[in-house]
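Each chain carries a letter (A, B, C, D and E) given by its place in the written order, and its residues are counted from 1.
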Amino acid sequence: MRIESNLKWHILLILALFISLMPIVFAVSTSFKELSEAYSNVLGIIPDKPTLSNYLRIFQELPLNKITFNTLVVAATVTIFKVITSVMAAYAFVYFDFKGKNLLYFILISTIFIPFTMTMIPNYLIISQIGLRNNIMGVILPQLSDATGIFLIRQAMRSIPMPLIEAARLEAAGNFQIMANIVLPLVKPAVISTGIMFFINSWNEYVWPVLILKDTTNYTLPLALQLFVSSEGGTDFCLAMAVSVVTMIIPLGLYLIFQKYIINTFTSSGVKG
Amino acid sequence: MKKKFGNKDVWIAYGLILPALLVFAIFMFYPFFYTVYLSFFDWNMIKPVKEFIGLANYKALFADPLMPLVIKNTVEYILILLVLNCVAPYVLAFVLSFVIKRGRGFYKGAFFLPSVISLVVGSILYLWVLNPVSGPAAILAEFLGINIPIWSKTQGLVIVVLSIITTWKIFGYNFIVIFGGVSGVPQEIIEAAKIDNVPLYKIFFDIVLPMSSATGVYIFIMTIVQGLQYVFTPVKVVTQGGPDNASSNIIYNIYQEGFVFYHTGYASAMSIVAMVLFIVLLVIEFRYVEKGIYYEN
Amino acid sequence: GCGKSDTGNEQAGQGEKVKIEYWHVNAETQGGKTVQELVDNFNAQSKDVEVVARYNPDMYKGLMQNLQAEAAAGKSPAVVQVGWAFLDYFSNNFSYVPPQKVVDDYFPQDKAFLQDNFLPNVMDLAKNNKGEQVGIPYSLSTPVLYINKDLLRQAGLDENGPKTWEDLIKFSDTIKEKTGKYGFYMQEPADNWAQQALLESNGARMISDGKASFASEDGIKAYQAYADMVTKTKSALHISWDQGVQSFVNGDVGMLYTTIAQRANVQKGAKFDVAAISSPAWAGKPKRLPAGGCFLAITAQDEKQQKAAWEFLKYLYSVESMAAWTKGTGYVPPRKDVADAENGLKSFLEENQMMKAATSQMDSVVPWASFPGDAGLQAEQMLLDARDKILSGDVSAHDALTQTQNQINALLK
Amino acid sequence: MKEIVFENVCKKYGKNLIIDNLNFTIKSGERLILLGASGCGKSTTLRMIAGLEDITSGNLYMNGKRVNDISSGKRNISMVFQNYALYPHMTVADNIIYGLKVQNIAKAEISSRLKAAVEMLELGGLENRKPKDLSGGQRQRVALARAVVKRSELLLLDEPLSNLDAQLRVHARKELVKIHQTYKQTFIYVTHDQVEAMTIGDRVAILDKGRLQVIDTPSNVYNKPANIFTAKFIGSPGMNIFAAAYADHFLKIGKQSVKLPEFWSAYIGKRNCREFYLGIRPEHIFLQNEKRKNSFVGVVKYVEEYGSHCGIYFDLEGHEVVASGTNTALKPGTNIYFTLDSARMHVFDKESKKNIGYPEVCYDNVYQYQSV
Amino acid sequence: MKEIVFENVCKKYGKNLIIDNLNFTIKSGERLILLGASGCGKSTTLRMIAGLEDITSGNLYMNGKRVNDISSGKRNISMVFQNYALYPHMTVADNIIYGLKVQNIAKAEISSRLKAAVEMLELGGLENRKPKDLSGGQRQRVALARAVVKRSELLLLDEPLSNLDAQLRVHARKELVKIHQTYKQTFIYVTHDQVEAMTIGDRVAILDKGRLQVIDTPSNVYNKPANIFTAKFIGSPGMNIFAAAYADHFLKIGKQSVKLPEFWSAYIGKRNCREFYLGIRPEHIFLQNEKRKNSFVGVVKYVEEYGSHCGIYFDLEGHEVVASGTNTALKPGTNIYFTLDSARMHVFDKESKKNIGYPEVCYDNVYQYQSV
């Protein structure tokens, strides 16, 4: 395809990027400032007097390693479980005909529209009853009932040309093999992007863990962030930004690792018909 | 017409759905019915007795003068969100897939970046960045001779800013997903259109959009769903629903009724009504939109 | 540990320490560290009690929510911080033991502890509208006026700041005229605390006889004067709290009316000559400043827990603990003797002149108005809505306050 | 090694009847060619055999067993799809051996089969490419290789060579036959190429709009077509067919008439055919430079050159007729004289459009009439 | 109506050189056939002309203007893609007219063109189907219809008829020529079908591994192939080529030798060719029932029947040779005698594999040597 004069597009894109990335740059830069500089040198991206004191403080005052680990466990468990069950269910919905399929699907998908605040109280009672308060399992469990993955992956599976499945079936490949060798590789982009979404959402989940977790050693990162945001005493932006940066690092790193992979999967699945 | 798998494999299908179904039963369906149950009671979460009041909560709901405002705010917010998070990423994905070649990977990575960051962080950041008196945006605007209005206390504007904050969070993800859908349109089909001298915007509307409509619908729904879920944080951190409820919306209102005023029954009724509204939307989507969607099978 | 159940506040086995939970709202920037220090010290010295501190985000409202959920699950912590605004709501909805009762039941030797150590007007803050002592005042904050002396001088004003609200209005307008910057910002969080000070100091009362009564002539006049600064002369800023404080610290606002609890933040952030002075009064009228902060209530349900709770409380209210607490949070100590004691705050107060603004106005402290009954929280929200209406300039203070008063009274019935 | 029986098989898409009551048997080890116009239902038939398409009504048997409800995987079949259906995410090599891997065949065996297939289909050097980086013909060869390595009992081929150049096609065709001779699979082969049909097929089945027209050996189909449809369908250019009449030993075409040989006169006379359709293939029209006894005359319209020979189109009493020849210099508008090879004439009933058959003498000589 | 000039055009995919220094001119209004083995770069060449593929180096001109950087849309081109590239979400009718709609052509005009195309390609009744509900051949016809309705100056056709049955193919081919005669577009046409190449092409270009082998009229390509590659590539079965020698008026093949006609002796003698490759097409081998003067002898290997004729494969001094014939009854192992049509013999240089040319007498008679 021809490369036309795309300068105007590039300018537009860079501008949009500037707007969307500025806050992040800002957060990182503030996390290395002293409070008085954060107020007086608002625009300075590189601090006049760069300091690590914010980071030192938060790591001294909080078991941040443990907290990060907790968050990772929660996000990873939730992601893995949801991705696996979503793929399984989506596969059943796309490649099987069975009684009540459409109704079941509709009911599952409808739950996407149930606000979490609505099921929060009963869920809290359940988690209390099975004794999982102040336990990251209690944070994990209710997050598992989420139909968005089923929805997205089903959409993706529906766009696989049927002849590919047929060809595999002719090869006497069983359900498991078709799923593993044909369907999964072809819906990889969808699975990965769903997984990323799950991970990020769970990583940043705040309302529910606040209710469940008590000890700082059981905390997840967003709760740790909340420790530095107080309305009455005023927010110490520098500390808050330092925690924010810690909160961002892992999902960002994971994304950067996966990004190449995603680009590859996107570009290698282009043959249809 | 195409054959699916043989009939006797049906139990496999059930087996595949079972794990998901189990979690749903415990953490979604049961709580849901419990909420329905609660909506017929007057209760504040701790009183030992729940007082059965029939449909009174629902009646009160429809009589509440706040409801029209809250619904209007919700609709406004969603509309803005849809423009910023469905339309814009679609255009961007199209441009990146079929118009420009250079820097594709870079743009993809960069646009996605903000969506990995927690909204609490985002809200705090924006509160600071967009401070109309002394935030960086205000200082920059001052160079250009522009005064930033005090949005957090301005009706209408406050919704726009909340939308911007959630957009910052949602955009990147939507973009990546749509990019996947858009770049799944076979190159040769675009080429066929290019040979016909079809202008770019027509390629977009006539070919790319319909062919990636499955993804589009997903993003459309997710934007609404996630948008409503996400907006909760900035509303809470930035405006608490103010000024004078100008930034409140259905989800925040449910929260406020349920967890600030402890009108548990009333909040439950509100949840039910909200959900019914959304499900009606969903049914409409299934009925009409789904027909126009192109699926490979 | 999956399936490991949490036995925290239930019975503890013999020989083991009794474990109790202490719920607080102190973020790391707002005394959280001190809470942990105090708890650790206590645990180290106590033979049979172990305290677990639990932070509750989103201030007292957040704590109240969590407590609600906990209660719904049939559990409760032993000691909780209760915000003044939640006094009535708490006493109506949760089961607690009056501290004196615990003392009387189990600790006869401490019988006079509360009487001896607290001013009666301070103790009264923690009484509900039925006159029952719900808890013990723990942290106190009052609104003070922070001033940017550089800006005042620049505007040719007295750098010691205004003494009355009337002066403050003039100061504000002058700053606006002379420097182009904003003259004044009064905190606008999701509560009506600062505004109560403004109104009640002018002779109005938020509540009288269990009914809303703020829309009196005095109340309306005070509110309108404040609103005029925002809408007419535009010398005062109408913005959210965080942003308002930020603007003051950045030097864009001349005077900031907010809680003493923000002292550390202002002091650390400001690069100009900053000071805190006592809350202004209306000319010729007495100041009435609502108490911010919280009291501690005992929510422990059984004897063992209640005993442990008191042991912990006694520790928290010791002079040393109180002093540490004040240093860590910036609150004003509710207990007598702390300010002047050598092992208390003596040297601290000398070094931190800003604190003086708050300690010196202790005699003007009144309870933070909280509307009785389940609808109290909703009433509070109505006041916030009224504030937005008035400050947006669309509705006069008279109309908005009157209407809101009527609505609240209708609700309270 | 698989016998397949169609018993009243019908297939509908929605309301459209696509396959209309198929009844025939494919013998075990046979190479059956499926011919028919575009859209007549060839691919659908293959797909039903493969179990990829439900059978709307009727029964399908394999080796005597009803298989309507047996899943594809259990039928031991390989197939070359018309649009290849290559796995886009796998390399060429992986595409080819995927089915073998699934069957847990030994590594060494797999790689030797892969090597053989790659060689046979000239895919060397492409093993690690993805399908999208291949040319059309290369993709088709990968699809073919994938079907061939499996060595299953039944090989379904849907226009497997359509995108290959002539040389490669000849080569692949021969290799396919070799494979068949080694493994004796049953072949069902869809093609539009007459040479392929004739050289590969043991029998040819011709479909028209979902209905079976004829199933017979290639040479019978070509030389003794059962009806006009078949006659016209095979051969390129197809058979010339035009209305003719018989009267008193004379064959009349329009205003022209020539005397028929006795064996035809007797045959037609006995059947009392007055008017009928006469069929004659282009290569059985003998062109002459000048008028002779018994010759017809036509007017040249145009000449098409095919390389090895040419097609001479001329007008005969209002019918367009084509004859094979080598003289490309014939000018449009000039007269042309010709005789018909009477041993290769076909006569079709006017009503039923069915072949009325041949006099005995034609039968015997059908392959030897012309000396080399 | 469009003249196209390739000037040192090269194309690389990664490191693979796919098109190697193309230099040739396609005349305005010409019908050019692109031939070549699978994977030789035909589609790539079309795609470069269409502007869908960047040109790695060299220049491409249209009507004298360099178009390397002109976008496809501005080139006024229609194209039939090898894999159709139909819009899957549009009906057949919409697929066909989409390009016209975009150009804001009047409704009436659109519908009349649609009607014409649907008729021409026998797509009636399918107008409202989606591509995935069509058979392979139907899809191809839709793709062809889409290209044809546009009436642009340049029509690029990538194996446009490969999935059609013989009858339809003949029909479509003729329609295409008619369209060309009406609109005088430039056609560039990729095909593997020799008959199509010969009948449609004004000239034929043959590619081998991305290099242009020859560009000439179809009859020259067939009858006077410039080199062995071309000679072998066109014709099916292809030309027989085997090592031979000349000595003293005699043509020697293995141990057999026959006397050459004088014109060949002189021609070869003059060029001092001792050893060379001899080429002879199957239809220029005359089979005899018994040994005659000047005839070679071979041993029959097998016979392939093609319907209108058959291919007789025999061994001649260790070379496999094929001759056209009609006698399918020849038994493998029997002796076969034949002569070569000396006017249609081709002699290729042993080193360069290039054709050394023909004696004058062959030249003149090349089309008339055999009487009809």
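Throughout what follows, contacts are C-beta pairs under 8 Å (C-beta built on N, C-alpha and C of every residue); 3 or more make two chains touch, one makes a residue touch a chain.
Quantities reported herein were computed from a predicted structural model and do not represent experimental measurements.
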item	value
Of A-B and A-C, pair with higher C-beta contact tally	A-B
Most remote chain, CA-based centroid, reference being chain D	C
For chain D paired with chain E, centre-to-centre distance based on mean C-alpha positions, whole Å	22
Interchain centroid distance [CA atoms averaged], chain A/chain B, Å	15
Distance between the centres, which are taken as Cα means, of chain D and chain C, whole angstrom	94
Whole-Å gap between the CA centroids of chain B and chain C	37
Two or more partner chains touched - positions in chain E	51-52, 71-72, 83, 88
Per-residue multi-chain contacts in chain A, two or more chains	1, 4, 42, 121, 161, 166, 226, 229, 235, 269-273
Sites on chain B at which at least two other chains make contact	2, 5, 7, 45, 128, 134-135, 186, 191, 194, 259, 296
Complex contact set, residues of chain A against chain B	1, 3-4, 6, 9-10, 13, 16-17, 20-24, 26-27, 42-43, 84-86, 88-89, 91-93, 95-99, 101, 104, 106, 108-123, 126, 141-142, 144-145, 147-148, 150-152, 155, 158-162, 166, 175, 189-190, 193, 196-197, 200, 203-204, 206-207, 221-222, 225-226, 229, 235, 237, 240, 244, 247-248, 251-252, 255-256, 259-260, 262-263, 266-267, 269-273
Chain D - residues contacting chain E, complex	13, 35-39, 42-44, 82-83, 133-138, 140-141, 158-159, 162-170, 192-195, 198-199, 218-219, 222, 232-238, 281-283, 287-289, 304-309, 324-329, 367-368, 370-372
Interfacial residue positions of chain A with respect to chain D in the complex	161, 163-164, 166-174, 177, 181-182, 185-186, 188, 268-273
Contacting residues of chain C [partner chain A, same complex]	1-6, 8, 21, 25-33, 52, 54-55, 57-59, 62, 66, 69, 72-75, 141, 189, 241-242, 245-246, 249-250, 259, 261-262, 264-266, 268-271, 292, 329-330
Complex interface listing, chain B residues touching chain E	186, 188-189, 191-199, 202, 206-207, 210-211, 213, 294, 296
